[in-house]
Amino acid sequence: MPYVNIKITREGATPEQKAELIAGVTDLLRDVLGKNPATTVVVIDEVDTDNWGIGGESVTVRRARGS
Amino acid sequence: MPYVNIKITREGATPEQKAELIAGVTDLLRDVLGKNPATTVVVIDEVDTDNWGIGGESVTVRRARGS
Amino acid sequence: MPYVNIKITREGATPEQKAELIAGVTDLLRDVLGKNPATTVVVIDEVDTDNWGIGGESVTVRRARGS
Amino acid sequence: MPYVNIKITREGATPEQKAELIAGVTDLLRDVLGKNPATTVVVIDEVDTDNWGIGGESVTVRRARGS
Amino acid sequence: MPYVNIKITREGATPEQKAELIAGVTDLLRDVLGKNPATTVVVIDEVDTDNWGIGGESVTVRRARGS
Amino acid sequence: MPYVNIKITREGATPEQKAELIAGVTDLLRDVLGKNPATTVVVIDEVDTDNWGIGGESVTVRRARGS
């Protein structure tokens, strides 16, 4: 019954990679806490780099600077 | 003053259906807890089926299998 | 398969009232969008009034002022 | 190390405005709580006006009515 | 730079189990998407069983019924 | 009408500091985007250091190590 929300920048994650994240985190919750995979929900949000900030700057600006 | 976030898969909910959700959940909070509709905020997120997992699989894969 | 998060101030909602919210929002999603109640998840967060702001002030301050 | 999520309606905020939000909220957390800007994360979600409700109505409907 | 939020019912997860979740999900994001562990943030929310609903009922009620 | 969620570790932020965060972020949204303070909602979540991970470790463990 857990709910997991994964937020990443939108930079080309493939459906296969997203399926790996879903499977991996569902397995982790079963292995560590005994949670039932059938009712484990995972939602992935892909966020534009203009809309993600770290260190007081957007990721767009950091990428442009080479950080 | 409540805040409600509804996450659903992106599968063609219409503006009319989304308006029904907004009205319905606002009414529910007024009826059950006496919350003021004027300051009740509802945000609906529609999530791609590749990005929603349940049972360790994406909804895209489940739909393709007929689940 | 929807996920709903309801945030309210912590001001004494009873288990019965929270059960009504859970049932009501689950029914709403079934009625409006045909969503399966068995996999509809609802999480209620109760937030201290010091930690909830509206109009630039905490709810604690507003309540003290009689707003 | 704080995490801040800002949700606004999608109505044309520019990259420059979003950068100002990111810088401003990061500075605020440093000034008020001494939080390290290097690990302060800010995520901005822009939400379609059909998907944002207040007062029991979508923002789309309110805007059309002139509210 | 990912941000992960894990919501589980509050039913006695230990600090060691929570540390395993944090390490596991951080590793997963590095392995699948090459994300930098140093800036991967994980937040675990433990939710009272009265405040978690599935199938239109609170987990408290389901547990009492033996579900 | 914006909604802002600020997550910080639970390490003794005072009501006065939380009020400063609420006022500051509300002002920021008015100044940068012209958002109406009257309907700007801010919710602060304080998270136990066992439940916050960065760099693959909980903040509890990092603090104990002197990081």
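Think of it as A, B, C, D, E and F in the order they're written, each chain with its own count starting at 1.
FYI, a residue touches a chain if its C-beta (ideal position, glycine included) is under 8 Å from a C-beta of that chain, and two chains touch if they have at least 3 such contacts.
Heads up on the chains, UniProt names are A, B, C, D, E, F = Tautomerase.
Keep in mind that this is a model prediction, so the values were computed, not measured.
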Q. Which chains does chain A share as contact partners with chain E?
A. C, D
Q. Can you tell me the least number of steps between chain C and chain D, where a step is a move to a chain it touches?
A. 2
Q. Upon optimal superposition of chain B on chain D over Cα atoms, what rotation angle is obtained, reported to the nearest 5 degrees?
A. 120
Q: Select the interface copy of A-E from among B-C, B-D or A-C: the correct pair shares over half of its contact pairs, counted by residue number.
A: B-C
**Q.** B-F or E-F, whichever has more C-beta pairs in contact
**A.** E-F
Q) How would you label the chain B and chain C contact, same or different, if same means the shared numbers make up over half of all numbers there? A) same
Q. When the centre of a chain is set as the mean of its C-alpha atoms, what distance in Å lies between chain C and chain E?
A. 20
Q. Got the chain C residues that touch at least 2 other chains?
A. 1, 3, 7, 21, 25, 39, 41, 43, 45, 52, 54
Q: Spell out all pairs of chains that touch, sorted by label.
A: A-B, A-C, A-D, A-E, B-C, B-D, B-F, C-E, C-F, D-E, D-F, E-F
Q) For chain E, which residues count as touching chain C in their complex? A) 7, 45, 47, 50-58, 60-61
Q: Name, in rising order, each residue of chain D that touches chain E in their complex.
A: 1, 3, 39, 41, 43
Q: In the complex, go through chain D and note every residue touching chain F.
A: 1-9, 13, 17, 20-21, 24-25, 28-29, 32-33, 35, 39, 52, 54, 59
Q | Residues of chain F touching chain C in the complex | A | 15, 18-19, 21-23, 25-27, 37-46
